[in-house]
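Heads up, there are several structures right after this.
In the two complexes below, chain A is the common chain; its partner is chain B in one and chain C in the other.
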Partner chain A sequence: MSILSYVFIAVLALGLGYSLVRRDRELTITVVVVALLAALFYLLGGVGSLNVLSIAAAVLMGAAIAAYAFRFLLIAVLPQGGAQVMRTAPLTAAFGMLVILIYAIAGLFAPLIAPYGEAEVVGSAFAMADDQMILGADQLGRDLFSRLIYGARNTVGLALMATVLAFIAGAIAGLLAAVKGGWFDQVMGRLADVIMSIPSLIFALLILSIFGTNLGVIVVTVAVIYSPRVFRLTRAVAGNIVVMDYVEAAKLRGEGDWYLIRREILPNSTAPLVAEFGLEFCFVFLLIAGLSFLGLGIQPPTADWGSMVRENATLISFGVVTPLIPAAAIALLTVAINFVVDWMLYRSSGLKEGQG
Partner chain B sequence: MSDAREVLLEIRDLRIDGYTGEEWQPIIKGVDLTLHKGEVLGLIGESGAGKSTIGAASMGFARDGTRISGGSIVFDGLDLTTAGREEKRKLRGKRIAYVAQSAAASFNPAHKIIDQHTEAPVMYGLQSRAEAEADAMALYEQLRLPNPDEIGFRYPHQVSGGQLQRAMTAMAMACRPDLIIFDEPTTALDVTTQIEVLAAIREIVERFDTAAIYITHDLAVVAQMADTIKVLLKGEEVDEAPTREMLTDPKQDYTKSLWAVRSFKRQQKPLAGPDEVPVVSVRGVSAAYGKVKVLEDVSFDIHRGRTVAVVGESGSGKSTTARCITGLLPPTRGEILFEGQALPPRYTDRTKDQLRHAQMIYQMADTALNPKIRISEIIGRPAQFYSGLSGAALRKRVEELLELIELDPAEFYDRLPPELSGGQKQRIGIARALAAEPAFIICDEVTSALDQLVAEGILKLLDRLQKELDLSYMFITHDLATVRAIADEVVVMQNGRVVEHGPKDEMFRPPHHPYTDLLLSSVPEMDPDWLTHLLDARGVDNVGSAETAL
Partner chain C sequence: MAKLLRLVATRLGLGLLTLLVVSVLIFFAVELLPGDLAEAVLGQAATEETVEAMRRQLGLDRPAPVRYLEWLGGALRGDFGTSLISGAPVGEAIATRFANTLFLAAYAAVIAVPLAILLGVLVALLRNSIFDRVANVATLTSISSPEFFVGYILILFLSIRTGWFPSNASLSGDMSLTDQLYRAFLSALTLVLVVTAHMMRMTRAAIINLLASPYIEMARLKGVPPWRRIVRHALPNAWAPIINVVALNLAYLITGVVLVEVVFVYPGIGQLLVDAVAKRDFPIVQACCLIFAATFILLNLAADVGAILTNPRLRHPK
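This part shows the complex of A and B:
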């Protein structure tokens, strides 16, 4: 057994003791369940699987500690209002923000962080990890770590652009449809139906094969595919707000549509829209990664996580985890964003204010 | 009177905390309560006094975000604060039942009424399904629901609000509980419907000798229902006494102030001269929502500096008339004149000045103020929009308006609506209307969502503003006490028509139109025998009142 496993068992025992002393029912149940799970792993898979479980627990622990430290740091650094908000943030949200921050830094400062260029051949094909290349090389001998860093910039940047575009188009159309109603609402609604009725991947493949795979086409295509979802949500949210008395009061005052949207509706619909932005960003991101995997997205030699998975897929047969690393990068970002979005939804749903 | 009877519910030193997002704050600060079998206890107080919280706690239930932090709740020998989940669950519905304020929101719209009614007795094994259905029909009959054999097989949206509230009372009775908690069961109903529900509740509680906690903020209602009244203020008990004693001889100052609220009455102004041009006049207006006609030939005038109260049950077309005047609903026939000039029927076709002169104050201040915009902008925007003020002049104007509605500018200038109390929000709504410097304001049930003390303050404020600024009001209300307090003229509406129209003094003096009579006699009075007398009186000419009620 590895040292980690001993530590793991020791922590479990301590946790059980603590929870029994504090008479904390939930904690006791959690600890007992984890202990039973560990015992099951040990019986089925022997020492090896217990070690794996210990590593997983240690990773989780490390993530929790990092998130806690990050939240602590934010509370200390942010001004009054922000610190107040952060104090109520759960650890998952703090973890999500930390991950997003790391990705953002990696993307923004890619040339400074990456040891080699994204298309630079520095070793032999499929070289194993060593001091020079901490994650080894890909099928052409390029440094995988450098490509991962550049991939953050390319894939995330592209997804961000497409999402922002989808949001601008969808949200404006949705807000106008809610405020104007009538034929405009009908036309926009049916248009959204038409776009949504075409399977998104097939639609994207079609457009990209017609217009070619340059970045502009990808961004616009993905934005067109995702804007109807934003349109529908915005229209639904705004539809609940336009019937409020305060909007009626503003209409009766003689205010124009633009004022209604900007001052009366938008401030009251930002929370669901921001949450939706996070979710849509994940979908857009996955679609672009998927397109790249199929060879229609970002073109080589530009580094991109989706195509990196494809290019290195053969390595899977040799039991090497390399192709899983870009996939894990995608998964981690998706999870991180959803953690933050969950928290935002919780905040906007008003659950935190105990109804008095 | 019931001291000799067995104690059913005993609450001692109850403390409940609420979570405010930061910390736990006490909501109920040590309340004692004793309820004997078959006794009805009235809990009254303003909103936020903790009435409903105590009601829920009587079932051993703490709402989300609240916790019972101390004291004991002993129901028939079982302490609900320490009882397990299962033990409490077995009591609820079977021995303790709950009737909520909004029956429409409390019934599941996807199931028939009788299916929901029979669920509890069948689940607890008290009755078979057939027995439970027969019993439900018997209860419907006792509660005087029309077609008792058939009504249960309808869905909740297919019966009226008053009927639904009675069906809910019947459902609470299904297991013949020892205790029913009524949480403002008639607050959302019209006065005429309220009577039916009150009479039904009282009769059935007496018949089955059920103990009840009756929660309300309406003193006149509680006077009809309760044997004992307990007055709450900010989570503490202020006063408790048998009903008659409480009404005739209140001991505490706070109780006295509650009792005195209905005394506000303004002097009626003399009628306007025949050649004076009315500020607003509604001429033969008919209106419809699609094919459904809601207004039929409505005409009345509102003169400068006067208040016209428009009264009637919900659905009588009061608010629709207001929508026609503001131009939200263009009339199918007739016209609206402003100072002798016809207004375009649709608000989008009106000029800025025409829009400015007709302002509106809403019933629900919560939805009438944008929760994300600061007070300074809510009030400042109309001033900026109509008068073109900006910068320091705008700020000065907003501060003037805040002073006018008796709120401290320094304190409220930068605040957001959710930080304000109900009464304060309503004042901001008034200030927003005033910021436009209108000649005419429509007040749509402005006090009905407020506690009586707060409502009185709003009425006094509106009265003062009318004197100072020479405003005209159209006051939409179903509360005749408000009409009595503030109106000069009264327009009574029923089914989209004006059935009676005249100066207030005449309206409150017989002879009345039969519908006016029904409305007037349905307003609860503080006399505990009022309901009994009224029902006796109506029993004699039941046919007549039933006709008018339809």
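This part shows the complex of A and C:
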């Protein structure tokens, strides 16, 4: 058994004692459930799986502490208004922001952070981790860590581009449909219906098989696939605002469509739209990662998380974890964004869930 | 009752129309190829004569609308033309693989749907407790993970490190059902993990939405215990959104299956599609896309019809 497992068991025992002394029923149940889970793991998988569970617990603990520290830092650094908002943010949201910040830094300063170039062959194929390469080498002997950092730039950058394009197209169409109504609304609505009635991955595969896999095609295809979602949401949100009295008043003043969109509708629909942008990014990101995993996304030698998983997948059959790291990087970013969006939706809806 | 039938019939008609439009889209997308199909197949080195011969062989000398009608007519009878690479009939290659994919999707659905509804109700009952919060984080994580991440984690821990299940899910016809279920277990589990999380969240949301209504408040005030309030009072009204979510997630299963099949080397239609896309074998791509789209539309239709049938308010519009 590793030291971590002993620490894990000790923490569980301490937690149980503390909760019993404080008569905190919820905490007691939690500790007992975790202990039962650990026992189950031990019975099923022996010491090895207990160690894995302890590592997972330690990672969760570390993430919580990091999120707590980051929230503390933000409250101290931000001006009055921002600090006030952060004080009410749950730990998950703080964790999400921290992760997004780290990814942004990794993406922006990739050449400064990465020790080697993304296509530079440094060691032998599948070399183990050492002082030079902290995560080892990939199937061609390139430094996995450097490629991971560059991947933050390439994969996230591509997804961001596609999302922005989808968002602009969908939002403009949705706003115009809400303001103009009539045939424009009908045509756009039916078009969105048709696009949304084809599963997104299948649609992407169809288009990519025809036009080949270059970056422009990927961005446009993905944008077309996901813009109907934005269109529907924007149209629904804007549709509720268009019937308000103040919009009616602006219309009677003789303001044009563009003025209505810019000055009356957009300021009142930012919260749902920003949240939708986050969700949309997650969908786009997962689709692009899936395409790269299938070998139809960003082409080599450009570093990209989806194709890195595919290229190194053979290592998994030897019980090595490294091919999972790029996949984990994808999952971590989507989780982080979802955490932040979840909190934003909760804040903007202002609805407290039914009590009692 | 007549009103109800008319409502369902309209939905079905609309679904058929969508399917028709989608089939047009799938067929004519290939017409958008730079050059044409014959040039794309033969590549740039081909001479003018061979391209011309290929065009005749593929029937490209006839107008596109005629070819579309022929393709659609063939598709309805299960004849999708011949593969450009192997020359074998596409319909035969697809039939067994589609059955495999349906088997995998059904396998996952049978586990995921009851599990998700049960857990969703449980979490709604325990809302705002620590379990609810843990479940919230866990389901969000599961939804956010790409399928191949979940798949490889399962392979690493349940197959390679412990040796409990096979990581390679290739099936063959002469296997017994239990053997097939055992082989496909990890692939099905991956799908279950991804889909359950989503259905569970929606079930929870549907029930909690209802808990704010006055009639639940009434039940609370007259002293009905919490589990009974949810199971007897809230759940019957939550069926419509839950059925909707279940159908939508089954539709999602159909596409999520593509990545999972590739990870586990499962002999389904998704893997066939990915191979065909890489080789640019357009008849297979078109056939797979049409089948996926048709299944997707049918399940969405089922969601709509289910919602109509379970919601009395839709049956009696004001």
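Keep this in mind: the second predicted complex is superposed on the first by the 337 of 356 C-alpha atoms of A that agree within 3 Å, B and C clash if a C-alpha of one lies under 4 Å from a C-alpha of the other, contacts with A are read in each partner's own complex, and residues count from 1 in each chain.
Everything that follows uses one rule, which is that a contact is a pair of C-beta atoms (placed from the backbone, for glycine too) under 8 Å apart; a residue touches a chain by one contact, two chains touch by 3 or more.
In this text the structure is predicted, and so the values were computed from the model without any measurement.
Within the superposed three-chain model, A:E26 lies in touch with chain C and out of touch with chain B [touch as defined at top].
When the shared chain is aligned, no partner comes close enough to touch A:L14: not chain B, not chain C.
With both structures placed on the common chain, the touch criterion links A:A69 to neither chain B nor chain C. More chain A residues lie in contact with C than with the other chain of the pair chain B and chain C.
When the shared chain is aligned, chain B comes close enough to touch A:T88, but chain C does not.
When both complexes are overlaid on chain A, the residue A:L36 reaches neither chain B nor chain C.
Chain A uses residues 353-354, 356 to touch chain B in one structure and chain C in the other. Against chain A, in their complex, chain B makes its touches with residues 18-21, 27, 48, 63-66, 326-328, 347, 350, 352, 355, 358, 360, 362, 364, 367-373, 377, 381-382, 385-386, 432, 436. Interface residues of chain A, counted against chain C in their complex, comprise 26-27, 29-30, 45, 48-49, 52, 92, 193-194, 197-203, 205-211, 282, 286, 289-290, 293-296, 306, 309, 313, 316-319, 321, 323-324, 327-328, 330-331, 334-335, 337-339, 342, 353-354, 356. Those residues of chain A that touch chain B in the complex are listed here as 88, 244-246, 248-255, 263-264, 267-268, 352-356.
In the complex of the two chains, the chain C residues touching chain A come out as 18, 21-22, 25-26, 29-30, 32-34, 127-131, 136-137, 140-141, 143-149, 152-153, 155-157, 160-162, 167, 208-212, 216-217, 220, 251, 254-255, 258-259, 262, 273-274, 276-278, 280, 282, 285-286, 288-289, 292-293, 296-297, 300.
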